[in-house]
Every structure is written in structure tokens, then in C-alpha cells.
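Below is the structure I would like to discuss, written out as C-alpha cells.
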Amino acid sequence: MLAAIGAESVEEFYADIPDSIRLHRPLDLPAPLRSEAELVRHMDDLLSRNIPARLSFLGAGCYRHHIPAVVEEVANRSEFLTAYAGEPYEDHGRFQALWEYQSLMGELLEMDVVNVPTYDGFQAAGTALRMAGRATGRRRLLLVGPIDPDKVSKIVDFVRPDHDVEVLDGTEDGWQTADLVVGADVAAVYIEAPNFHGVLDPALPSLAERAHAVGALLVVGCNPISLGAVAPPAAYGADIVCGDIQPLGIRMSFGGGNAGFIATRDEERLVREFPSRLFGVIPTVVEGEYGFGDVFYDRTSFALREEGKEWVGTAAALNGIMAGVYLALMGPQGMREIGETILALTRYAQERLSEVPGVEAPNRDKVSFADFVLRFTGERTAAEINTLLLEQGIQGGLALSDTDALYCVTEIHTREDVDRLAATLQEIVK
Amino acid sequence: MLAAIGAESVEEFYADIPDSIRLHRPLDLPAPLRSEAELVRHMDDLLSRNIPARLSFLGAGCYRHHIPAVVEEVANRSEFLTAYAGEPYEDHGRFQALWEYQSLMGELLEMDVVNVPTYDGFQAAGTALRMAGRATGRRRLLLVGPIDPDKVSKIVDFVRPDHDVEVLDGTEDGWQTADLVVGADVAAVYIEAPNFHGVLDPALPSLAERAHAVGALLVVGCNPISLGAVAPPAAYGADIVCGDIQPLGIRMSFGGGNAGFIATRDEERLVREFPSRLFGVIPTVVEGEYGFGDVFYDRTSFALREEGKEWVGTAAALNGIMAGVYLALMGPQGMREIGETILALTRYAQERLSEVPGVEAPNRDKVSFADFVLRFTGERTAAEINTLLLEQGIQGGLALSDTDALYCVTEIHTREDVDRLAATLQEIVK
Amino acid sequence: WDEPLIFELTSPGERGVGVPVPDLPVPDLPAGLRRSEAPGLPEMSQPHVLRHYLRLSQENLGVDLNVDVGQGTCTMKYSPKVNDGFVRDPRISELHPLQDESTVQGVLEILYRLEGLLKEISGMDRVSLQPASGSSAIYTNVSMIRAYHAARGEGDVRDEVITTQYSHPTNAAAPKTAGYKVITLMPDADGYPDIEALKAAVGPRTAALLITNPEDTGIFNPRIEEFVRIVHEAGGLCCYDQANANGILGITRARDAGFDLCHFNLHKTFSTPHMCGGPAAGASAVTEALAPFLPRPTVEFDGSRYHLDDDRPESVGKIRPFYGVVPNLVRAYAWIMALGGEGLRAVAETAVLNNNYLISKVLRIRGVSLPYAEGQRRIEQARYSWEQLNADTGIHSEQLGYRVADFGTHYWTSHHPYLVPEPMTLEPTESYSQADLDEYAAILAEVVREAYEDPETVRTAPHNGPIHQMRGDSLDDPGTWAVTWRAYQRKLA
Amino acid sequence: WDEPLIFELTSPGERGVGVPVPDLPVPDLPAGLRRSEAPGLPEMSQPHVLRHYLRLSQENLGVDLNVDVGQGTCTMKYSPKVNDGFVRDPRISELHPLQDESTVQGVLEILYRLEGLLKEISGMDRVSLQPASGSSAIYTNVSMIRAYHAARGEGDVRDEVITTQYSHPTNAAAPKTAGYKVITLMPDADGYPDIEALKAAVGPRTAALLITNPEDTGIFNPRIEEFVRIVHEAGGLCCYDQANANGILGITRARDAGFDLCHFNLHKTFSTPHMCGGPAAGASAVTEALAPFLPRPTVEFDGSRYHLDDDRPESVGKIRPFYGVVPNLVRAYAWIMALGGEGLRAVAETAVLNNNYLISKVLRIRGVSLPYAEGQRRIEQARYSWEQLNADTGIHSEQLGYRVADFGTHYWTSHHPYLVPEPMTLEPTESYSQADLDEYAAILAEVVREAYEDPETVRTAPHNGPIHQMRGDSLDDPGTWAVTWRAYQRKLA
């Protein structure tokens, strides 16, 4: 090949790199594992020091659900796994699968515009709020808690140039409606359904009116897997809905499975503020054939660099395709059932566990979805209890404080799993 | 749909089934696991009672090798996994992949005719011997041991109608050349390379002449993964070569991965005796295009029912495709290296382990491939030693007798694995 | 893709995967046992190998990709992907068959439970899961029949096996291979195996009747009990090929009709994928009288532990290394467990409904007929004839099939010999919806329209496939057949 | 396939997968929070869902299927399949990020070791693996730059970021999003970022220079040290976008040229698959001076245990939930470990050789040119221009690309704006052989021949794809754009 190019050696191609910045030694890296067998052995040694929990009550933003086998069958297809940014013609399948993802989410959310997934729910919340800010031209953002403090950290960092953030975390597990004063300088009110503590706040349906009254937008973060049973935020007036699609058929992968969605109604003033790719359907010259392409490409930084909205780049497309497959498999009936199953188990878990002396479920009087708070009133802290549970082969919930912890159940838990936790806590909690 | 057919109920379609043989009750089976999540949980409970050995020295006809990831990537493709018996036109890919398997094996074996895989190496040996019987019209089969007694059982059952089987097991791990009297009534001499005890018998190259001298055929069973380093039986005059392709990229799966090959030279008298499908290449009407189809279909029971050779049906095609992918990945260099690596490790293991007091390697003076015999001269039996090894996390070899056991190493073992076995045996063998 | 042969893709010096090479001496091989020349395998990088096979896969049509109702007798049904996950799990795939029994209790329990499920489904007393396929199970049954008669001192006398024309060819070929004389009952005018021929055939030399019901025509033989009785009265055994069980699960069982042995194709009825033609899995089920002859080992449970029983002195011995095609046994177990008894019956009823619906659609197409048993229903499949179309247009059934492939699906004719002229055998199973069947029938109708109006298009098909029509019959000529690249280069290149 | 939209495949009553339904009461939801109507999802059986997506997959072109050199700037390289196995292993895929640290030592060790590898590859002192992509890493770097200047009391003063035209658009867009004024250096006559413009731009308001080298033209800027010096002298930081690192691995490092920060796209240079556009993974590497501002948590090792350090008071905070796109981090780790230092350098040299070989082939085709830096080599990619061809034939680069797709591969033009007229950007990476590149060049040559001799064929392409030419620009019109099936039904159906 060198001869065909007319070069003496590969060195010629590096002629433009000054000697002063050349690395004059080999990289100091471990000796290569040249055979696949040796690599597999090395990795297996490392992986053997990871122990997935057989019985875990962790949620808090990353959920273990049953993943239908077909979801990964599709996602693992070389054609999808290794494609990238091809054109609508030769990558028709990818465009259609992502447009269908948008559409399936649209049905779930009852909204007409859904983006190609962004990185994660944190980013989705940050972008949704900046979209609201750009659409309204206002500075103040009201965040109604409880919200994951890590998410608040991300939002604050992200909106900093244009927005002041006020977090209304209320007392206990809710906020007091009276505390929410929505002034005319407010761009958006942000709230979650369910919130960080799993609670579906009864005040949710009343917020749109209060925000809209002063020209602010209501932005709602939600868990999409609840929406077969729980009303979609659009139904109670949300202007922008965002969240994480990890629960829809994507493995936890130590937090690597998260991906974010943002949805709005089909209003130009909102659509033009999306930084993400939005695929649209378009007829071809052949009757009945569908093509796909970018809607209003000139919103994006691909088209306009810094004049686009935020930026767009490689995001989380495959997770979108996976969530689409998941929704297609589940259908309306499956989504309703899984929502109700989780509601029922969350209620059962709160009731059953609060029967254990020294354990309370402070939100028992509200409806929680998947996540729920337990309070340990005995001498042992939530973290100490986790250590003792782990000795019994149970991974407890996330410790929120010395007394409180965030537990979680999903459809993969059985009533017997909860009973086993209760029995084990009974032994541990003193 | 019933209306479209003009039927009242599904019962109508069963009108021809007499009431006397109808099952008038539901099948008495366990309640269904209707959701995938419940099924996965049930299966996971069962699977959790299986413990793959991290360090195992079992071989004896089923081998753990490294499986290159691409092999399973191809085998798991829906297009291959779920196809069956389509025609050469719409299943062109399957025909080509299997013809290529035949061809790649042909290169490895230095033979021109290789079948679409049959069930397993046992069946391959049985059929190879009956092919030899049909080709020569003779009754006697001489089997030169040591051969896996289970394989002998299969062969005897299979050839019973037409053949008398004589097994020459010799003493120790070989047979005495003088014992082999090949009479003019002998259809075939069968021997293995390596044999059941892993030994590559130095007499192998001399057998073809002795068999051919009286018009008998030489049938050799071999381990194909040895053939990058070890001479293919065709090179020393074998007429029919058979064996199991499980070592070529197929998982052990508790014995579910075995699949058999049979190969001959391109002589009509042998080719016509194959019961299996043999795919051949054929030009199409478009210059440079290849099609594929069955060679000499009128050999088969598909064409002629009981007038065909033995029978043909669903066999082990996908394992053939997998072995083809494996050989393509390995190439000539990889096959040579893996053969040499296993030869070297087998030698090292025999030397290292026979340094342990109370442990002998009776075939140390011969060359063994993968399998090798250990002899325990202390008080503990081979089976007792296995129990003690298992407590140390090591799966020992197959106990052949109180004193002898068949151990095995492949390229997945390191020198350190052997040293660990030696150190553990040192503690155990008293 | 116009994908070349893999040998044309070689690029000297490239490798697809590395091999560990320890720093240890390679022993000298005995004279004549060292390979002199490297094998002529292609040298390819890993992405090139992968790309080649991915492209070949895209040139292939799996059940998952099409409305696969055209492979009648094959029971092309959907195999749930979740079941593939169980067998890829290292806790199945990485088990050595000779591991200590304490480390394989889970898989032994699955095998034991699967035997129990199949006992109930068949009504039989014991089941061996060792056969590698349906044909292997037929052979296993024949071998047990042989052992049974031998044990009764009749091994030499009973040297005939009776089977029927519309049973799978192995029902004739396996007994022949086992040393039996084979008598084949031809269909009578209604398509049933001729019962008068049976009466004429049975006698003291009868070892067994091997019969399928419904046969590959989809017609259920209502006199099956009489067949069994006639054979039993002559001292023969009756062996039921349940390859076509998909339409009668939970409806009627082998034992209920008096059979002594039967077999299932787990890759057909019980959904394990067909894998381009195997590995499959077979199950041989027998009554107590034949249980001593089952292949060894069997899986037993002593109340606390599962174990393998190899100590079976009357056994026919080993049929396959180790214990059967375990991955498919695991899949079949999971499939049955997901359905339960009522689910299996729903499978049967749906398959039968689909078949009769498809019949009603197909029979509206010009030039087709459904030979035999006119006016009667079919169970789970149907063998049609394009005799009229052939008479009208000169187009053969095979040619129609090639053209159907241009539309993204396919069909095959049936096993030889073509007693039904210009045959086509369709078996829609439970996996397809009404819309799928409508689509399939519409494709057939369109191709038939072409056959009448534009026969050249059909005659020169395929047009949209990976390749075009193949030339001649070089594959039957020893001078031109080429089973390998080596042979191809020598003879044709 | 002519695969319909998934909503057209609904068959009421069908379901793809069951859900466990425990015998427990469902609590009443607060008023207004109960869903009133079921979502309008399609109702489909499992095989139908699978078939739909399998067919869509076959209508898509992955790296694994084609000679994917046409997506310049994207570094389309082969991702070894073995690495996918590690991330599908439950010991990665089934880990919850909040599990007790004692149960996740393996993954923490991988993250820790990967940081170490990237430190050596970049020369930097610390690396965060939290960014979800290259763009996210750019933003992370900008956020750290902002925190750095703020910590030094210059947060308000330094409000300008300088970047270059041939850097990825996010180098302009992310600082803008972070509140910076963006100054873009245009290329000079040789294609280098204009150093005079840089000198004019820097000053006390300069927060940082964000620059790529080689830029997307494939030209290495030999005065890069001078750029860094100029910015440093003005008190700004220098941030190296290493999206194009594939050609310089082991050749030159960010630190060696004096940079303060850099980032890698692990899905480009380090082979994690592109997944239709993510999830990707980014790595932000910094010098000690910037380390306090790294996103939290970091992975630390105390000599016996790996742990997460969330107590980083000066940190910019969280960039992503939990700890990054772990599966891709695992893949990248395995990829580097399989290659080692010399392997990485071989990757770079092969990629550069391939690129220059392809350049020599492509430049022989009529109507193409390689703007800028004539006679100089390119590193790992090249931006060509079809300006002459367009002048000769009226055919645009996009149209050539559509026609190339008919041959089973593709190319794209490049990012907007098209400073190079009628652009085409090719980056062959190390994954392709000489034969692959010859094949690709031959396809280009054939399409160009058509453009000159039979332009209508090119103008009306594609002809062999899943769909034909799309009509109009309804996607820019709020009245006709349809992002979902809901909108489509309302507006267009």
C-alpha cells in the first residue's frame, strides 16, 4: 500500500507533527491480551468481583424491571448496534424505528412531539427547563421537591447562565401548596410524578392552572412505566414532560442504562426550542411509501453551530429503539397491568413493612409508585440495617438519612419477597 | 375466522377423532407461568442449582475451548437460528454457509467430500463404519481401542443388522500391533487419533497399508481441533474420516453441543454411501453467480425412503455453520497454534503432575492431545480424589477405574492452572 | 448482497482471532503424524468473517422473518426468544456433562421434570430425551422394538415393520437400517392408509406398525384404534410418530389410542428453533413394558437428589453421547411451563383453526385442489395439488414456489414420491394471525394469476432473490459435483 | 421488505408479553391522576413485534455489514464482539449503581484502571468517565473551565471561548450553552485555523480555546504549540477535542502539546459501537490544576478497596446520573487491554495508512479535489470536494451519496456550513483492508461515471434501497411536520 501511495513509511504521514510534541517512547500500558481467550479470562476475573443482588430493594432513579427477551434481541442486532449517522435512505430502518419510538412514547404521554432520546433523565430535565426558559424569556425556575439532589446538582450546573433555581423541598415528603408562589418572573414550575420519594402528589392536577395563570410553563418529570395506570402529565396540563426511559426495557448496568425523553405538544414555539433530533415522516415519490427525516433541522447545532439550541450530538438512540420495542410488546394492556402491579406492590410493601416494630412508612397515606420511604425508629441507622440485610443476602434501599431510606419494588418482586424482607427486618431492627 | 370457514366451533375440525380416544379432561400439568418475568424467575431458580466449574480437567468427548464471540454472534442470528429446510433460492445463505463449512473442513481434513453434520461423533462413527460395510460388502469390523465404551455401545447397536464388531483394546493404553490381524472378511479397521485416552498412536501411519492390502477400508476418528498441528488421517491413507465438531466453537451445554462429521475422498463408491445431505455448488444463469443444491440426492431416504442409505432428517446444521465460522476465524495460523498449544500443555501437565508423589502419567512416553491418563498409586481412589478436589473448587477428570482417571487440558488452561492442580493433588493424594 | 465464497475473501497474513501461546515446548510428534502443510483455510480479519456471515444470514429466510406457513410437516412455529436466553446462560452452556452430580442438580431436575410433562402429554410411562432428532427417536423406538422382541425370543421371527406412505420417510428408512423388511401401506381412495392392506400384511413376522396420525396430508385416520388392535392381535407393537402432534395436543394422546411407543419432535411441536436443520431434539416415550429397553442413562430422583442411572442391563445402550441435546430440552421445558395444559390445548386449537382458515382461502385460488377426503376437515396441515394449474399452464409446483420466494416467503412441495401430483404442503401452526394468512394466500393468488397470464415470469423465477436460476444437474454427475472448495477448484474453476 | 409502520400492524387483543399480576388490591389514585383512556399503543403478538424490527434492522446499514469509511469524523471502526459479551454479562448488566460497594469491586476496578489507561494515553493527571458522549464531555470541560476561572475570581471577566470552524459543532454550541460568547477561527488558505485571527481574538476575556487537531479535514496543524502558548499567555485555558485521536494514538498526546484539558470519544477512538447514535461515552481528562473541578464522584483506590468519592467540594457536580455509560466504559477498557501500547500505535498507523491510500485512489476519480494544504499528507480522514463534478454535471454531493447507497455502502457530506463546497468526508480507520478500500473507490468511480454519462440515474437515486426519493420539505413546515403517529394521523393521514 505504501508503494501505491508513493510513501516510504508511515512516518511520512506524520510529517506535520512537530518533533517537540511527538511521544518518543511507547505508551506505558499493560502488556496486551492478544488472544480472545486471555482477554475473556482477565475480564472474567474482574467481573467475578461483582455480585448482582438476587433480592434488591434499590430504585432511586435506576430500576430493575423484567426485560423482555425480544428487546435485547433487537438491540443486539449488528445492523442496529453498529450503525451510526447514515442517511435516511440506506439507514431507513433506524429512522423508522426511532420515529416509531417517538410515536409510541407520544401515545403513552399523549403528546405529539417526542425527541430522539437525550443522554438521561437529568439532561432531559435540564434541557426541558431551558426550553421553557427560552420559550418564556424568563429567569426563575421553581423546582418542587423532593427531587434527587444529584439531579438538582445537574440542573443547577446546566441552567446557570440563564436561570436562577429555587428548590421548594417542603417538609417531610411533600411541599405545602401554600408555599408555592408563582410569580410573573417564573419561567417554569418543575415537579415530578412520582417524585424522588415515589409519591404521586395529589396536588399535581392543580399546578398547570397556577403556572399558566402567570404565563409560566409546567414541566413535569415522570416515570414512563407508570403511565399505563397513572394519568400522563399532559392530561393535567403539563407543557413539557421529561424523564428517563431506563425503566422501559433497559438494563441497569451500574447506571449505564439511563436515557432521557422530552415531549411537548405540537406547538411551534416549543418545538423550535428542542436541541435534540426530531424525526418526522415524509412521503416518497412512490405512493404509500414512507420516508423519514429531521424536523426543522435549523434548530440544531448541527445546522447552526452556536446559533442552534444548546447542542446535539451522539445521544442515546439505541435506548430509544429498545424502549419502542418494549412498548410494542407490552401494548396498552401490558402497560396498564404493569402500572397497577407496581402500585399494588408498593402499597402492600408499605403496609406489610410498617407492621414490623421499629419500621414506619411515612407516606402510607399517599399513593407511591415503585419507590417508597421507610423510617427506622430503632437504634440502628438505615446504613447499619443495610449492612445487616446484606449479610442475609438482601440489598436494602438507599439510605437518605440515619433514619430514612428509599426502598423500591417493581413487578419482578413477589409478595413473598416483601414478606422475606419484613421477616428479616423484624430480626434486624431493634 | 370461524365464520369465514363456515364452522361453528373448533370442535368441528376434530370431528374425525373418535370419542373413544379423546382426552376428556385438561392435561394435568403445572399452572402456566404466563408472564416472561415469572418464567425467568422459575428458570433462574433451577439454573442456580447448576455450577459451571471455573477450573475443570474434564474432557473425554466434550471439550471446553474458547469460543470466539463472532461464532455465537452468527449462530444467534434469527435468520439462521429459525430457518429450516427452505429451498436454495430463498435460503441461499444457509446453503452457502453449509457448503463453506464442508469446504473448510475439507481443507482441514484434506478430503474432498464432507457431509452436512450428523447428530454427533458417535453417529458419525456408526455411519462411517456402515458406509465402509456397504462399500465393501463385508461383515467384520475391527475397532482398535481404547475407545469410549459408550461409543462402542452406540456402534454395536447401530451396525448390528449387518456387522460383527470386534474390539481390540490391547493392554494398557495401546494395542499390540501384532494383535491386529486384518482378514479378507474385514470391511473396515477403525481407530482414533487421538484415541479415547488422548494418545496419538505411532502405529497410525502404518495401518492403511495393512487394511488396503486385503481390500478393507481404514476409518479414522479424529479430533478436528488437533489438525492444524497433527497430520490429517487422509495424509496417512484413511479412507473415511469421522469425528465430532464440538471442539470447533461449540459450547459443552451438558453434552448438548456435539455434532458429527464424515469425510471421504471424492470417489463415487464412497460418496454414494453417505446418508447425509451433501451440498454442492452449481452455476446459475448469471455468469459468476453460485447456487447450491444436493449432490446425488437419490442416495437419501428423502428421495427413496427405505431404499436410500440409512436415513436423513434434521441433524446438526447450525453446529456446522458455527464450526465453519470458527475455522474461518482461526485460519491456518490459528489452527496450527491451537494444536501446538494443546500438545505443549498436555505434555507439561503429564510431566508436572507426575512429579507429585502418588501420581503417575502412564502415557508420558507417548504424545497425548488434550486428554491424558493419570494414575493414582496411593490409597485414595480416583473418585475420592475428585470429591476432595471439588472441595477445593477443582473439577477433576473422569474416573476410569479406581486408580485411573482421564484428565484434559486445552488452550483455556494456563501453566498456572496445572500448577494449582499439582499443588492441590499434592495435598490430597496420600 | 452478492457475497463471494469465503475462500475468495482470503487476505494473506490476516487473522480473525488470536490463540494463547504458552512458553512451553511443543512435543515432537511420531513420524507421519506431523502436519506437513498448513490447511488451506482462508486468512481473514475478524470483521471480514463477521461481515461475510452477516450478509449470508440476510440471504436466508427464518421463521422470525416471514409468514412461514409453507414448510408443511415441519411445524414452523415461533420459538420464544426468552428461552434462548436460558440455554445461553453459562449455567447451561458451560456445564460439562461429566461434572459431579452435585453441581448439576438444576439441569437434571429440568430433564426429570420434562420427562414428567411429556409423560402426561403422551400418556406414556417413561420418556427418553436422548434422541438427537425426530428421526433419531424413530430409530431409538425401532431399536427398543427389536430389543423387546429379542427379549421375548422372537427377535429372529419378527423381521417386518409396517408403515404408511404418508409418514415421514424415516419411518421406512430407520427400520430398514435396523435390519427390518419394510412394508408400506398406500393410501386408499380417501387418503387413509389402506386397512385391507394392513390386514393382509400383518402376521407372525410383524414386529411393529410405525404410523403417523394425522398423516402429512392433515387427515386424521378415525380407524386408528382398529389399526392398533389388528397389529396387537398379531403380536406386533404399535409406534406412533407424533411429528404432527401440534394440532392434537391435549385432544388425543398416543396411549389413549393404545400405542406402545411414540415420539415427539421437540423442535416441531415444542418450539425449539429449527437451526437451519438442527440440532433438533427427540423424545421417545414408551409404556412400562418397553421401559427396560430405554437408552441409558435415565434421570432418576430419590426424593432429595437427582441422579443418572446407567445401570440398565436391558437397555439398547447409548443413542447419543451424554444425555441428549440439552439446550433444546431446556427450551422445550420452558415452553411447556409457560403454557400449561390449557395453553397447549389452545395451541392445538389455534393451529387447527388457522389451517382450516387457510384452506378456505387457498381453495378459492384457480388451479388448486385438496386431494382426498373431500368435505372433511384437516387437522393442522394440508397437502394441496396444483395438478389443474399444471395442466392449464405447464407450470410446476416447484416453479410456483420459486416465484413465491420473490415475495418474501416460500413453500415447499413435500417428501418424495409425489403421490399427490404437483404438491404443496402448508402448515400454518398457531404462530400466525389472520392477517398473516390473508397475506400468504394473497401472494399465492398473485403468483397463480401470473402463471395463467404471464407464465414466463413464473418460469424464469426467482427474480428478487440473492441468486438466479441454477443451471443443469451437475450435482448428480460425479464428474462435476463439488462438495468442497477443493473439489470445485479441481473440477470446475 | 416493504415494512409498514408499527401502528398499522395492530391486531386488537394480541399481546407481546405477559406481566405478573399479583393478587393484591390496586390503591385508588388521587383525583385526576388515574389514566382515563388506555394509551393508543399497537396490540401485537411477540413474533409480530420481532418480525417488524428484524425487517427494519435489515433495512439498516451497520459497520458490520459494509465498508463503512464514508462517515468521516465518526471513526467507524470494528467493535470486537467479544466486548459485547462482557457488558451483557449479568455481572455488569444487572448491577444497580447504588449497591453496596463490597459487591461492585470489579466494576469499580475497571473504571479505575480505565482512568489509568487514559491518563497515560493523554498524558493528563485525572480523567472523569462520567460524560455520556463526546459532546457531553466538551460541555463537562467547559463547565470545569468556568469553575476554574470562577475559583480564581475571573468568572465574570473571562466570558469568551475561542474555537475553530473545522471542530465539531459542539465546540461552539456547548460553550454558548454554558453562557460564553463564542469566537470561531476560520481556516486560512492552507486550511489551518487562522493564527492571526487567534492573536486578534485572545485577551483578558478569553476563558479558553477549544480546538481539534487534526481537524475534520484530516490536516494536522503543526503550529498547535503556538496556539496553546498564545492562549496561555492571555490567561486562558486550552482544551483539546480528541475526536480525531484515532490517527495519533501513541504518536502525540494532549499534554505534550501543553493542553489543560482534553476529551476522548470512547465510541469513536476506543471502539464502542455507535448504536444508531448512542449511547456513546466520553472521557474528560485534565491536569492537576483542574482536577478539583472534576464531576463527582471519582473512583479511588485505598490500596485494598475501590470506592467512590462524592466529597469533592469544588466539583462541578453531577453530569449524569450515577457513574457514566458503564457498558461502553467496560468495552473501551477491554479494547485497550487487548491492544496495549504498541497495539494502539499500530491502530493509528494503520488508520493513517488506509486514509492516505484511499486518498490516492479517490483523487484519480474525475471531478474530485482535496482542498487545502496541497501536497501535504492527511492524518486519519480527508474532506474532499465534488465542486468540479457539480460544475460539470449539476449533480450535488448529496445526490452522489444517495446513489452510492445503491451499491451497499454510503457516505455523508460533513457538518454544516459547507465551507468546502460539495463536500465528502471519508475516514477509513484501521478496520478495513486494501481490498475494501479498492472496492469503495471503485463504487465511487462507477457512480461518478454515471454522473457524467447517465446523470438521470444518479439524480433519481436511490433505486435499490428500501424506499425511493422523498418528496418536498414538509419537515420544516409546522403545518405538515409529524414527529409522531398521533401528529401524522391528525395532519397527513
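Here the chain labels run A, B, C and D in written order, and each chain numbers its own residues starting at 1.
Everything that follows uses one rule, which is that contacts are C-beta pairs under 8 Å (C-beta built on N, C-alpha and C of every residue); 3 or more make two chains touch, one makes a residue touch a chain.
Everything numeric here is computed off the predicted structure, so don't read it as measured data.
> Taking contacts as defined above, which has more of them, A-D or A-C?
Of A-D and A-C, more C-beta pairs in contact link A-D.
> Test of understanding: which option in A-C, A-D or B-C shares over half of the contact pairs of B-D, residue numbers taken as the match?
Interface equivalent to B-D: A-C.
> For subunit B versus subunit C, what separation do you get between their C-alpha means, in angstrom?
21
> CA centre of subunit A versus CA centre of subunit B: separation in Å?
Result: the chain centres lie 48 Å from each other.
> Which subunit D residues sit where two or more other chains touch them?
Residues 14, 17-21, 46, 50, 54-55, 58, 63-65, 80-82, 84-85, 434.
> Could you say which residues in subunit B touch two or more other chains, in rising order?
Where subunit B meets two or more other chains at a single residue, that happens at 34-37, 40, 68-70, 73, 78, 411-412.
> In the complex of these two chains, what residues of subunit D are touching subunit B?
Residues 17-21, 50, 54, 80-85 of subunit D touch subunit B in their complex.
> Which of the residues in subunit B come into contact with subunit A in the complex?
Answer in residue numbers: 35-37, 40-41, 66, 68-69, 73, 78, 411-412.
> Taking the touch rule as given, give the residues of subunit C at its contact with subunit D in the complex, in rising order.
1, 11, 14, 45-48, 50-51, 54-55, 58, 63-66, 78, 80-81, 408, 431, 433-435
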